[in-house]
């Protein structure tokens, strides 16, 4: 089996999506990239998770061309390709239609930072990219979805190495990370943060955003140079 | 065993309902039709899913008469019969009282199209048929339920081959498809779309409907002549 | 083992509560009565469901006196006793703090009849008894809880043989039926109806109550003299 | 194995958190103290529950110094240490980011006492400590979190032996008890009470707090000198 490592990593990460309750049927896909070869392994389109195997992952280059595999790659493959090509330090991408994150995307609102659960991962509101304009939609849609995400980060002056998740307006979330497993982890965190943010506004419509000192503290204890969360 | 194929297909599809969290106790039923014989197999009424078997499915004709089976067919059998008789290209029907779809039915509102999850299946709001008038209710109730659905589609100028789901006002959802398995799939999608639509309105009461270009794009990539979702 | 039948029936019904997601820890209890002996078997107080057995059920008479059993009976035993003594045709009672039914009880509102799921079981709103007055609370509290329920039915002119469920204001639901298994069934239905009613009001704050013709039809097809739901 | 009893107690209690649905990934930690030695065993930081064992628990003194263990203790260890040092009769502490309790913490509201489920555990609203001031956050953060909790109890005139749970504003809940198992029990109760309180306000925004007579009755029957809940 060629590309064994990324096939297995992509397979394992895809199988986590139903385990974590992030997908109904085939509403999600994960890829893992090998930057040395300029390739990634991604879920085949429309195949049930129970029928997946590492061998069925499709190998695609960063322009979205299939390099190896008899099955069609995920219909979102070009979005993955654009993100890998433009953002050089990520090696895993996840797309789901998880319930609460998708509801926020449909509402076209950024998710406010209300607490330390959020701050452990992001120092800012989780951005919601606006829906694309009609030209982009009618054109190379999934390709343009990637640029819509990248443009959103440019306009909001965000760094994809700091903020590893985004909502695409009217659509659904994408997350990424150093590998597919981390990107899946981020998808589950996003779903949990999205649910708690809605509940927070329901309990207190005037709930304030987290104060800056707490934002800094929680992020730094997990990610800063003197971080002390987890094992070194 | 006569009618083996439709008995087994109806049995397997019925057993999916509790697996997918769409039913409490016996609050749901699935049928699968054989058009060459003008018959369908349907769940017996009030029998627990754990006690079902292909043999216990009841064989009914398109006028609602039992052809084979010692058990009473589902109390909703006549609704199934009317839909099979009037809508010639469907071979599977599901009725459930799934939580979120039923709440929308009880609220007597169409489910607005807020995102691409919805658009992957329907280009329009999911219709809610109004409650029946008293004459229809007092008459042949389940039979009239079928006509209430058909009339709703006529009035809203919808095509049952495009829109495979409906809410019956104050009651609950019905879905259909090319076979029972697809109809069950549609029931699970409807429940998920119903839940996300409510959450979307809670997050943003002014959430806009999906723009037309996105509606067209998502539906066509899954169902259009140049569809590229799944494996051909 | 004495009282084998009611011990086993009460045991089996109690074990259904966690299976149906109706209890956290020991927040619930079920009893089954034997009218020929004027006794019922009820869960011992504060014992985890995993540690139950038919032998551990406590045998109590209709005045609330323990007849057989070394464990203390449920702290709600006197409520069961009053209901059995006053309402002569019930043989099973359930008390839970199930999430949505309890939230309605805490809100001190009857659950409006919004759809056919509700109407399949009740032709009226599910009643919420007001909180007791201070004298009753300070007195024989659990005994008075039973009378609070009975008085609520009298004031609302309800028949306990038709409406097999009630909310006790600020407290939680009680359900009953011809045996413990049916009372548990009613508890699960109540929880589902309670959840769907809240969701219905969230989707449409002006959602109308079910029209009378539908109320009559659904109830009669399941419970009337010409019922045609289930197997005869 | 040294400290066998507290290692095993802490391990068993930590393993209950995912079982009870109170944690995503590693978002929670439990400790069990041995007062005779002035030590407690606590979860190592960032280690998945499936990879835990009694041996991996870290032994820490009441000043937060690691006494035995090669892994880093939970990043919240100093909060545990402060609480053990200041509150002399507790031997178990739990911290989670459970969904509904955390949403209340993020909303910075006390959880109103709406019903008997709440009153079985507390006679007062569940307190929400305000977010810390910036000096405390920038200083010894987790240590100060402990004092924020203790100060909240002083200001509200609450007794930690009566009220075994708190929300830390913008952050998440802490619970405690006579041992780790009881503290975990309290975490699950808090999450359930938090969920039901939100639902209660959604059903009836004017829902009244529980009347004092019921508060007293329910608490006393479970905790008073004449308590009659459970087995003696």
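Per-chain numbering from 1; labels A, B, C and D assigned in written order.
Keep in mind that, in the parts below, contacts are C-beta pairs under 8 Å (C-beta built on N, C-alpha and C of every residue); 3 or more make two chains touch, one makes a residue touch a chain.
Keep in mind it's a predicted model, so treat the numbers as computed, not measured.
K.L.:
Would you kindly state whether over half or under half of the residue numbers at the chain C/chain D interface are used by both copies, giving same or different?
P.N.:
Mostly different residues form this interface, as fewer than half of the numbers used are common to both chains.
K.L.:
Farthest from chain D in C-alpha centre terms, which chain would that be?
P.N.:
Centroid comparison gives B as the farthest chain from chain D.
K.L.:
Using mean CA coordinates as chain centres, what's the chain B-chain D distance in Å?
P.N.:
So the centroids are 46 Å from each other.
K.L.:
Roughly how many whole angstrom separate the Cα centroids of chain A and chain B?
P.N.:
33
K.L.:
What are the residue numbers in chain B that touch two or more other chains?
P.N.:
202
K.L.:
Contact residues on chain A for chain D in the complex?
P.N.:
114-117, 185, 188-189, 192, 195-197, 199-200, 202-204, 207-208, 210-211, 213-214, 217, 221, 228-232
K.L.:
Hey, which residues of chain C end up touching chain D in the complex?
P.N.:
Touching chain D from chain C are residues 24-25, 27, 44-47, 71-72, 75, 97, 99-100, 102-109, 131-132, 134, 137-138, 141, 170-172, 198, 201-202.
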